[in-house]
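The two complexes that follow have chain A in common; it is paired with chain B in the first and with chain C in the second.
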Partner chain A sequence: MLRFLIKRLLLASTTLVAISIVTFLLFFAVPSSPAWVMCGRNCSPERIEQVEHSLGLDQPITKQYTDFIKGVFVGRTIDDAGTIRECDAPCLGYSFRSKEPVTDTIERSLPITISIVVGAMAVFLTVGIGLGMLAALKKGTVFDRVAIGASVGFASTQTYTLGGVLLLLLVYSTGILPNPHYTPFTENPVDWAGGMLLPWITLGLINSALYARLSRAQMIETLQEDFVRTARAKGLSPRVVNRRHALRAAITPIITIAGVDLGAYLGGVVITESVFSLNGIGREAAQAVSDLNLPVVMATVLLAAFFIVAMNIIVDMLYAVIDPRVRLG
Partner chain B sequence: MTTSTSPAAAAVDPEAYLQVRDLKVQFPTEDGLVRAVDGVSFSVRRGQTLGIVGESGSGKSVTSMSILGLHNPARTKITGEISIGGQNIVGMKEEKIQKLRGKDVAMIFQDPLSALHPYYKVGVQIAEAYKVHHPSASKKEAATRAVDMLDRVGIPQPQRRANQYPHEFSGGMRQRAMIAMALVNDPALVIADEPTTALDVTVQAQILELLEDLQREFQSAIIMITHDLGVVSQVADDVLVMYAGRPVETGSVEQIMKRPQHPYTWGLLASVPSLHGDASVDLVPIKGNPPSLINLPTGCSFNPRCRYAGQNGNLSFSEVPELRSAGEDGHNVACHMSFETRQRLYAEDIAHAGVAQ
Partner chain C sequence: MRRKFGALPVGVLAVALVASGCSETTNETPGTGNTQNVVQTGTIATDPAESQGPAKAVEGATKGGVVKLLHAAEFEHLDPQKIYVSDALSMATQFARTLTGYKEDGKGNLKLVGDLATNAGEDVNGDCKVWKYTLKDGLKFEDGTPITGADVVYGISRSFDPDWGVGPTYIQQWLTGAVEYNTTYKGPFLSAGAEVPGLKAEGNVITFTFPTAQCETPFAVAMPTSAPVPKAKDTKGDYDRKPVSSGPYMIKEHAYDQFIDFVRNPNWDPATDPIRNAYPDGIRVEFGIDAETGANRIVADAAEDQAAFIWANVPAAVLSKTTSDPKVKERVKAGASQYVEYTWINTARVTDVKVRQALNYAVDRDAIIKIRGGVDQFGSTIISPTIAGYQNFNAYDGGQTGNPEKAKELLGGKTIKLTYAFPNVPVRQQMAAKAKEVYAKAGIELVLTPLDPATYYDSVGTKGNQYDLIRGGWGADWPSASTVIPALLDGRTIRDKGNQNLAYFNEDEVNKEIDRIKGLKVSEAAPAWAALDKLIMEKYAPLIPQYYIGNYEITGSKIGGTYLSDSYGHMTLNSMFVKQ
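Right, the complex of A and B next:
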């Protein structure tokens, strides 16, 4: 177990370093400069040079990269056109645009993304897995067809359509739900949930299709396993057979996929955040890319990569807990 | 044909614990009606063992599944009678069959690795089988009972083994655990579906011996389903040979092994190596494959594979042979050839190979 963890953590850090280097290089390969974006079309070459200097972009790439990495681990001093700023570890630099520390940007936007994702996951795991399992048990019936058909229908609408329609119906026309907004959970849990309800429903319904189909297929396969027949031959009731024997085995691969999905979503759900005007990580990242705002791009990319890598490790460890046949090593 | 006039049905012992009369199991599919079992009758007394022999697709496993009522009633048509301790389970309510399953009738499955749940400890799985029919038993009692059973079936250190998962057991130990689970409620009838097929030959003998010991101890009726006549000769009292869902020969183990009458039984015997016969004689496989159960050959369904088809005029190709007395009491065979022809052919072609004894 410990050996597995050390091995995987080493691999994870290597992955993150590699991703940071690639992102950095990619940024400088773009035939544009943040200075142009910041100072506008009619900018004199001198002014551009000035801006580039103030952002530290006139330094060699290697120097910029090592400065960035140094900042992450021990902090650094940033000379912003004469203004000296102390940036403590973990320093992700200052936003080229707003000049605020990138850590502040993350601190502000990450809770929003987490709130959206956690709630939406709760929706699509319960709705998706629930529908899929029921559909498998009632395979071939009207319920099966309607449930799977409806979930595919929702999935094909996509967030921008379903989100827009729900906004129109539930917020603008009827006022049943408040306009989506973010209130920290610690401040007012009810308002937190109220403001998040619409993104949860939208993202949740759209993703439940995948989980419904997946769990239906898994369950149908598991129901044909020999050990399910054994359970029935013992004289167990169908309820116990389905829950304790079939579901337990069918759900394992679904948990794996859910874990990896969670990692991916925590890196930002750009479209959902944009449709509901919530400034989560995804929206910050998209904005930073179009602004060529390197420090924010680096931070959001690395954060997203971190979530995916971390969730993969967690899922692997979880698998060993769920399935006694799996030994980590 | 009614059950009372069928010789096989007439041979059903009215005293027996399990009585199966003219059982038919059919699965309607998109391709047509699958006649998996087509008119089988047999009976097993407590303390006795019936061997059901046949190739894959002969209907032997379908028969055993229907004795446990495990077929999905929505997709299966079952007619005839399956009487377990006096109760006919054909058409019985699922909730009532559930009470019989695992308690009065238990099943030992072929491949214990896939038949045991991979995520639960062996002891827990056995305890669950006990608890479902003893709801008043405490968890601890059920667990103790599980350990006792593991001990009974010859698993060393049962306390420790009960806390392990199936994948931590060897093949033979796993099958012992499976047997422990089947016997945990002292069932009157045990169906063993190819219980030794997945095991080493040396372990096979141990498992068969164990089953015999346990049968003596519990006086249970056993149905041994197998394609291996060696297994049958070792454990069975009576034998039912099935082909394409129909019984082709029934009799005592001695009658079937020593004086077989049906060419299919001859084929099965000739394809098993014998210690007693001529060592230089090659094994003779039965040519061809079992037929599709949707589209059976007309006449005797064995005719495309039978060396002797057509011996008795055109009957093999036009008429389905009924089970008829093969001479001795309790020995029945479904073959168009006359008794004399069969005797002659057996003496000429088969006997010298010294088929498995």
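Right, the complex of A and C next:
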């Protein structure tokens, strides 16, 4: 187990370093400069040079990259237009736009994304897996057809259509739900949930469909396996067979997908955040890309990569817990 | 130039409004809500009594409540010396007082009065070269320290910093008499201890000494460049997040990209302020809410949004809701802005003035305005109707829809092929396609050249570019054509990159006239600029004015007292109140 973990962690760090290098190179391959974006149109070549200098963009790429990496581990000093700033480790640089440590930007926007994702996942895992399992057990019945038919319907909608329709119906026209907004959980849990309800419902509906179909198929397959037949033959009650034997085996691949999904969503749910006017990490990332705000681009890309890599490791470890057939080595 | 907040993604609106851009005309076209008059009375107050506070009470206004601005994106800057975009300029009126300011009545009357200063400015020798401003008594920053002349000078000195340079550059260029104003004096950080050239403070008296006549100084010091900054509290780069207030509101909390909470500044004395009523107890700005969501919320008028408003045009998808229901319609504020849309003709490439004139005859403004939905107004002049001295004329009158026959006649049977550059965004694509169709009727073939919107101005602003026609627009910094014509059409300002003169137009006759008018008193200059506008259009036709860009903003049902400001374009906070 420990050997496995060390191996995976090493691989993960290599992946993150590779991603950081590629992001850095891609950024400098763009035929424009953040200085142009910041300087606007009323800008002389001299001004551009000044801005580039103050952002440190006139340094060689290798120097900029090593400075960045150094900042992550030991912190660094940043000269921002004459203002000397101490940036403690883990320093992801200073945002060109907001003039603050990128870690502050993340600190502010990540909780919003986490709030959206955690709630939405709770909705779609419960609803999706529940519906899928039930449909599998009642295969061929009206319930199965309706549940799976509806899931196809929702799966084929998109956040920007379903979200827009729900906003119109539940907020603008009837006022049943409040405007989506973010209140920190620690400040007021009820308001936190209220403001997140619509994103949860929207993301939940769309994604539970996928999970319902997936878990139905997995469950049906598992129910035909030999060990299930054996369990039934031993005279175990259908309830025990379904829960302890079939469900446990069927859920393994679902966990894999849920884990990777969680990792991907935590990196930012740009469309959901935009539809519901919530400035989470996804919108920060999108904004940073259009502003060519390198430190924020780097940080959000790395963060997204980190979540995916980390979730992969966690999922692999969970396998061993859930499915005794899997042994890590 | 002042950029308009959200100018690029202006949506397509669904109601047609065609109005002539005449001055002093009421454009009460059905379906546009409360369309404001356009009266160009941008005058400078001469009676010091007009600069005295408190501001005239608004009928029916009540104190209290919190107004809420639903805004798409974080303000680019809040540091007064860096602010230059219309949304932040409008916001800054509430926390950064300036030497002078605009007193408006919502009926189109706009007067420049002393804000921090006792009057709009004293032209000491009557030659516009030396200007004196005396601060009022009782002015204080949010922490209670008195505002002195030194604080104003310190504020202006910051605008010289070479690392900044994102705000207006008028004062700096005038003081040094140079376009590149910070070659010697580089602001209080890099040139610590040195004095700002031409600028002096003695107690409460501030004196500007310019090498050449600058008769529009009272307007220039209304921009936040002249906002006082306390040196002891200058956090340099971080000042942009939380500037020290000299106005009725101060920042209590600023969560970047999320929200700003402004609360009352206890040290603001209404008796010193002729402009601001400061009725609400607070102003909350929420970011990340695009115009469509904001407009939808305000139309829906849920309890939490009844005191909300937006500083963006109501977009297409929501527009019909603002015209069908009279209760919603009365919450709309619509009218002309300072912005004019142009199609530039690159005179370095299209050298034949007859071709340029033909392009002006054939333009179908009616069709283009319809594409944008109709909140804009027919316009054929370089300067907008909100500018002092504005004269309406159409040098190439082809009627509402243009005259392709007349254009053909001018071309004398030739067929012409021209490239047309525009930012590659949906509404511009539609407009370009329409232009192609319209010009085809006159025998002019347009080769459409969509460009990356992010780098659009880099491309078209580069001298020697390969575009014949170029999409552009402009907004005056104050209601005088001095911030339009010299910025756009003075050929001596053409440089290798970053040009604003996208016609690359350079005529001695025009350059000389610009110099002459700049030396005139404001009242004489206004008609002279309008005459120059006409001369440029008639004789040289270096551009095709398309339309006067309109504003169309909306408030929740509990907001009263506001109107579209003729100074910065958005609905004013000065007299806004929450209905109790």
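Here is the rule we go by: the second predicted complex is superposed on the first by the 328 of 329 C-alpha atoms of A that agree within 3 Å, B and C clash if a C-alpha of one lies under 4 Å from a C-alpha of the other, contacts with A are read in each partner's own complex, and residues count from 1 in each chain.
Criterion: a contact is a pair of C-beta atoms (placed from the backbone, for glycine too) under 8 Å apart; a residue touches a chain by one contact, two chains touch by 3 or more.
Worth saying up front: this structure is predicted, and the values here are computed from it rather than measured.
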Partner chain(s) touched by A:172 [first = chain B, second = chain C, both, neither]: second
Greater chain A contact set [chain C / chain B]: C
Touching partner for A:237 - first (chain B), second (chain C), both, neither: first
Contacts of A:36 with chain B and chain C, given as first, second, both or neither: second
Which superposed partner A:227 touches (first chain B, second chain C, both, neither): first
Which of chain B and chain C A:323 touches, first, second, both or neither: first
Partner chain(s) touched by A:245 [first = chain B, second = chain C, both, neither]: first
Residues of chain A at both interfaces, chain B in one complex, chain C in the other: none
Residue ranges of chain C in contact with chain A within the complex: 1, 3, 73-74, 84, 161-166, 180, 189-190, 236-238, 240-241, 255-258, 287-290, 293, 296-297, 299-300, 302, 304-305, 454-455, 457-458, 461, 495-498, 500
Complex contacts: residues of chain A adjacent to chain B: 225-227, 229-238, 240, 245, 248-249, 322-325
Chain C-facing residues of chain A, complex: 31-32, 36-47, 50-51, 54, 80-83, 85, 97-100, 104-105, 108-109, 167-168, 171-173, 175, 178-179, 182, 274, 277-279, 283-284, 287, 290
Interfacial residue positions of chain B with respect to chain A in the complex: 68, 70, 94, 98-103, 106-107, 109, 111, 114-119, 128-129, 132-133, 165, 167, 181
